[in-house]
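Structures incoming, each one as structure tokens.
Look at the two complexes coming up: subunit A is in both, with subunit B in one and subunit C in the other.
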Partner chain A sequence: MTIIYLLVFGFAATAILGLITSWIDRKVTARVQYRVGPPFLQPVYDLVKLLGKETLIPAGASKGIFLIAPVIGISGVIAVSTLFWVNQFFSEGFMGDWIVAIYLLTIPSISLILAGFASGNPLASLGASREMKLVIAYELPFILAALVPVISAHSIRLSTIIDSQAGGVFAGSISGILALIVAIMCVQAKLALVPFDIPEAETEIVEGPIVEYSGPGLAIFKLMKNMLFFILPFFLMILFFGGLRLNGINILWTLLEYVGIVAIITVIRNTNPRVRIDQAVRFFWGPMTLIAVVAVILALNGL
Partner chain B sequence: MSLKLKALLKSPWVFHLSTGSCNNCDIETLDCLTPRFDIERFGMLLVGSIKHADVLLVSGSCNRMSVERMKALFEQVPKPCLVVAIGTCAGSRGIFKDSYNCPVPLDKIIPVDVYIPGCPPKPEAIIAGAVKLIEKVGGTL
Partner chain C sequence: MGKTIIPIGPYHPLQEEPEFFTLTVEGETVVDIDMRMGYNHRGIEKLSEMKTFENSTFVVERICGICSTSHPFAYTRAVEDIFPMEVSMRAKYIRTIIAEGERIHSHLLWLGLAGHFLGYNTVYMWAWKLREEILDVMEILSGNRQAYAMFKPGGVRRDIRSEDIPICLKKIDSIVPTLVMLKKAVLDDPVLHARLKGVGIMSYQEAIDFSALGPTSRASGVARDVRKDSPYGAYQEMEWDMIVTKNGDVFDKAVVRILESFESIKILKYCLNNLPDGEIDAKIMDVPPGEGIGHIEAPRGETFHYVKSDGTNRPLRHKVRAPTFMNLPTYKATIQGETISDATIILAAIDPCYCCTERIAVKDGKGRMLYNGKDLIQLSREKTEKIKKRMGGR
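Moving on to the complex of A and B:
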């Protein structure tokens, strides 16, 4: 049964929805810039093409870690998405799966850091070190923001958090909306999109940690990014909007909330310049942490 | 045609390589990415790293300094890959035919799939060249 959950929901469903999300992102970006944009199947073409290309290993690379890093990243993503799907539709989960989810969501960043340092390329090392600083910057406000639903639901289980929002979603309260704003900013940084695309800044350090990857390794990294683009909005929906509700008119609400979150992320990405790493750290440790702390205090007082 | 090649023609990521051109061809190449021409319609993206590239857009007259670098870069493109010569200089050395600094034309150094003449070629000509490239390998748009 676990295998079915992992392969069908954790991998296949998440990958398909992630590819669709990445198409939405590219299409909206194109429309913002008055372009036509790519066709619907473009992410699939990209993936199939990359799987058919040659794998080149740079001379100075540490071979084992270079090849295993993408696999580590995508297995972390599959594990965390399985956790979400199972909590959403099938079973109760277990005590403290919220903590496991927070841990597993950092695995993709760790795999990128490993990949960058194993490449033996100065640009990749620079990208990996920036990624590390960015992780340190956004983790604190992200955890604080994700703590607000836990306080409101009086439970550290994801399924209880979903169930306790049957009456009204947490995004409707003051603490919930403040935490949601912080969480969307942190998701932006977790996905490494503009203005927080500092680790892979294409115009400065080419593609950062994945500069030396080609063929299947690059395909797995791209798929990992696309799957994250589905999972992180899904996580926000579990925390603040009561998960995916598929009964009656709620299907429309679910769709609207999901597309809304993706559209907000895409519009932020298209209307901002890239910030420097010190500005990003100051932004997350300053205003964002402050707002998250205020949200936590409000949630403790039941607001 | 194999699935590999079919998918490659649906998403050719291009890498832009100047071998000592006067930058006119490079400017016209970048114009293809602007909203007016938008080659992302065909799945083309401009990539920064040679390891991610499928199509090499070469401009310039291949002078002695850049030929060595170009050979090194061509070896780093993951195969299968395609090469496009943009502009008269890359096609036939143009007015630098008798120059001491341009010993051989591009197609004597690396295999070229499509030539796009012009000094510089218009963005429309570059897009037409890309379409011819896809037709030559056997795909359809």
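Moving on to the complex of A and C:
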């Protein structure tokens, strides 16, 4: 049963929805920029093309870690997405799976850091060190923001968090909306999108950690990114909007909320330049952490 | 912390031009920069010496793909300086129109690229979309989007038809609101302020010391513009402002370029509205022996051409200096102490045109430089002596 969960939900469903999400993102971006945008299947074409290419291993790389890093990353993503799906549809979570989810969501970043340092390329290690700083920057406000639903639901079990929003979503309360703002900014950084695409910064360090990757390794990293693009909004929906509610009129609401979150992320990424790493750290440790702390205090007081 | 070398080039990942920078970095801080040019020697000067005075105009037009008019402009002025002679007023106006249209699209191109380097791709696409309108105007006026082929020694090759002028004015007016919006989006964006203000500062003194040119120097408070200092074309005919700012950082360089685009629109509209009647070509026949210089304000700074004639129909010597040649060394002043994140935009802030700057580099089979600057000056002096002897001591 676990295998089916992992393959069907954790991998297949997440990958398909992730690719669709990345298409939405690219299409909206293109329209904002007076461009036509890619056809619907373009993300799939990209993936298939990369899978057919040769894998090049740079001479200075540590081979084992270089090859295993993408696998580690995508494994973490599959595991965490499985966790979300089973909580969503089968209520088969366990006590404390919120902690596991937070933990697993950092695995992709760690795999990128591994990949960067294993590449033996100065640009890659620069990207990896930036990724490290960025993880340190956004994890604290992200955990604080994700704590708000836990406090409101009095449970660290994701299915309980979903169930307790049956009456009214947490995004409707003051603490919830503050935490949601912080969480969206952190998601932006987790997805490494502008203004927080500092670790990849195509125009500065040429994609950073993945500069040396080609072929299937790069394809797996790209797929991981696309899956994250679905999972992180999904996680926000579980925490603040009561998950995916697939009954009656709520299907429409769910769709609107999901597309809304993706659209906000896309709009932020299209209306901002990239910030410097020190500015990003200051942003997350300063205003974002402050707002998150306020949200936690409000949640503790039942607001 | 140990020092790392970050290479940029020989093919620039962004600017798609051949040049090589080695950034010495400590952590994320750039402590030193080394620049190496010479990957793209095209032999333009030699080519020009093998063509007639008229044909050379088209060769120099191909020095730069973006400021394709500034080189013919400077070259024709250098040839006209040999006589000396004056071109007709109408030709001067047409030259000014082409040069200013080019300045607008060049500045918009830079603005777009700067946005792209900062990861702000929306600005990139919007600026380039706006640039298309200007290119349309240029196409109506000259028949080409780029490389207008409008210039010839003694005048211009093509007249502007009076029925095209209202169409062009309408198109130019139509881009102003979008340009104003883009200006607000760039100059009032707090994130851009955080990113660009105080970054890559070049002080007034450094701008003087490095002999920086064009918007690069005007952003540092050096009020230097060939259009004002030594007026040519039709620039003294109308009122326009030289944009000078004080801070010398990347943000000010952007400000200068954006505001200059508005001034260019002003000049362009005045010229189109007040185009005088008259001949467009002085129909010069033989170029007398002698030498002439021509310098004009290209979008990136002063472009300088020197032409020497021995009375035949070809230039004996033709020397070109593109503005980037002077602006390139300012990296030494601007980049040290900044972070790698800022290095990209600082390296782009002078609006570099490396290919246009390339003149000569002599290397052996192993890629080592054979001549340094001193040797080249020595060689050039020897050649000058040889030419002098051949011409009978003139």
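Going forward, the second predicted complex is superposed on the first by the 302 of 303 C-alpha atoms of A that agree within 3 Å, B and C clash if a C-alpha of one lies under 4 Å from a C-alpha of the other, contacts with A are read in each partner's own complex, and residues count from 1 in each chain.
In the analysis below, a residue touches a chain if its C-beta (ideal position, glycine included) is under 8 Å from a C-beta of that chain, and two chains touch if they have at least 3 such contacts.
Keep in mind the model is a prediction, meaning the values are calculated, not measured.
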| item | value |
| --- | --- |
| Contacts of A:33 with subunit B and subunit C, given as first, second, both or neither | both |
| Partner chain(s) touched by A:206 [first = subunit B, second = subunit C, both, neither] | both |
| Partner chain in contact with A:215 - subunit B first, subunit C second, else both or neither | first |
| Subunit B versus subunit C as contact partner of A:139, first or second or both or neither | neither |
| First (subunit B), second (subunit C), both or neither touched by A:97 | neither |
| Partner chain(s) touched by A:257 [first = subunit B, second = subunit C, both, neither] | neither |
| Contacts of A:25 with subunit B and subunit C, given as first, second, both or neither | neither |
| Residues of subunit A that lie at the interface with subunit B and also at the interface with subunit C | 33-35, 202-203, 206 |
| In the complex, subunit A residues that touch subunit B | 26, 30, 33-39, 41-42, 45-46, 48-49, 52-56, 202-203, 206-207, 211-215, 218 |
| Of subunit B, residues touching subunit A in the complex | 3-4, 7-8, 10-11, 35, 38, 40-41, 43, 47-49, 51-52, 54, 76, 78-80 |
| Of all residues in subunit C, those that touch subunit A in their complex | 4-7, 13-14, 28, 115-126, 129, 189, 191-192, 194-195, 339-344 |
| Residue ranges of subunit A touching subunit C (in the complex, touch as defined) | 29, 32-35, 122-123, 126, 194-195, 197-198, 201-206, 270-279 |
